[in-house]
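My structure is below; once you've seen it, I'll send some questions.
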Amino acid sequence: MIVGQVVGNVVSTRKYEELQGYKLLVIQVGETRLVAADELGAGVGETVLVTKGQAVKAALRKPAPIDALVVGIVDGEFSP
Amino acid sequence: MIVGQVVGNVVSTRKYEELQGYKLLVIQVGETRLVAADELGAGVGETVLVTKGQAVKAALRKPAPIDALVVGIVDGEFSP
Amino acid sequence: MIVGQVVGNVVSTRKYEELQGYKLLVIQVGETRLVAADELGAGVGETVLVTKGQAVKAALRKPAPIDALVVGIVDGEFSP
Amino acid sequence: MIVGQVVGNVVSTRKYEELQGYKLLVIQVGETRLVAADELGAGVGETVLVTKGQAVKAALRKPAPIDALVVGIVDGEFSP
Amino acid sequence: MIVGQVVGNVVSTRKYEELQGYKLLVIQVGETRLVAADELGAGVGETVLVTKGQAVKAALRKPAPIDALVVGIVDGEFSP
């Protein structure tokens, strides 16, 4: 998984029906950006945990062409 | 998913039969380019949302060797 | 697989239920960091072997949106 | 998918039996090189369309450890 | 697939049971290193062909969390 920060969201009217109901968040991860679907209600400025690829499927209610999903809101990173 | 811009299309006569019927768009994503199949009718200059990898399968009518698919036409990106 | 070093862990209260019970470790791999689920009890400072992508599934007790898993604690790397 | 140019081929005598019958082409994609299996008869110097990852499976006659496949010979790229 | 050179091996005592019986080779690919499971008996200094991701599964006797596998020993690369 990767940790990134929510910086905005993508609006798309013409899209596959299977994407309806997901918020499409723009996530900043270091120098790059990706778009992840979200059902947890993550807001701009929040730090999130994103799962990519085939593993996303395990969290979807029904098949959808989603390759990145917000799987957690990050409270913090700790190192002793 | 990633957001990119349609900059052209690839023409291929000798190809796997399963690719027939898809438009093969060249997508510019930052400094790199990739080719994504398209069924939504995205045109050159439009900004699109592209899904990669295994997740593409959920949007295909029948199995095809397609690892990137245009899943939405982007109206805009918003950040509060 | 990749070899990396455990540098911390991620705490997330609002997350998918399927992630409960896994420790979410921050792994340093060269210049980049990723988060891998752990069940082996790897600690900060330890060198670990991480599997990514679809292959993770083979080691999970039940489906979960996990795309990186600590699959071994590394004793050492040897070259003759 | 990605577009690359065939620059050579890999010869391997000791290999998994499932790879028999495929030509293993070296493909130049920008600064990097990868090896893709080929059944279309692509030759050195030709520009090809390569599919990577799980999607390759849809074009294989039987399961094989192939993560990149030449899926088309490119006639040209066009942009209006 | 990618072509790399075997530069060593990883020793791990605490690991998933499914990894038993595989040699874990360190493979140098350009500037980066990865760890690939090996059953072909590739030795240090040899050039090998490595398959990554979901495609590895097709060559495994039983499910294992292995995302990279040595699928061939390379005799040579040829370009006319």
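Going by the order they are written in, the chains are A, B, C, D and E; count residues from 1 in each one.
What we mean here is this: a residue touches a chain if its C-beta (ideal position, glycine included) is under 8 Å from a C-beta of that chain, and two chains touch if they have at least 3 such contacts.
Everything numeric in this text was worked out from a predicted model, so none of it was measured.
Visitor: Hey, how far apart are chain D and chain E in touch steps, shortest way?
Guide: Contact-graph shortest path, chain D to chain E, evaluates to 1.
Visitor: Over half of the interface residue numbers used by both chain A and chain C, so same, or under half, so different?
Guide: different
Visitor: Taking each chain's centre as its mean C-alpha position, how far apart are chain A and chain D in Å?
Guide: So the centre of chain A lies 32 Å away from the centre of chain D.
Visitor: How many angstrom lie between the centres of chain B and chain D, each centre taken as the mean Cα position?
Guide: 20
Visitor: Would you mind listing the residues of chain B that make contact with two or more other chains?
Guide: Those would be 53-54, 56-57.
Visitor: Going round the ring from chain A and on to chain C first, in what order do the chains come?
Guide: So the chains, read around the ring from chain A toward chain C, go A, C, E, D, B.
Visitor: If we count contacts the way the header does, which residues on chain E are in touch with chain C in the complex?
Guide: The contact residues of chain E facing chain C are 7-16, 18-19, 24, 26, 32-37, 44, 53-54, 56-57, 63-68.
Visitor: Which of the residues in chain A come into contact with chain C in the complex?
Guide: Chain A reaches chain C through residues 1-3, 30, 40, 49, 51-59, 69, 71-80.
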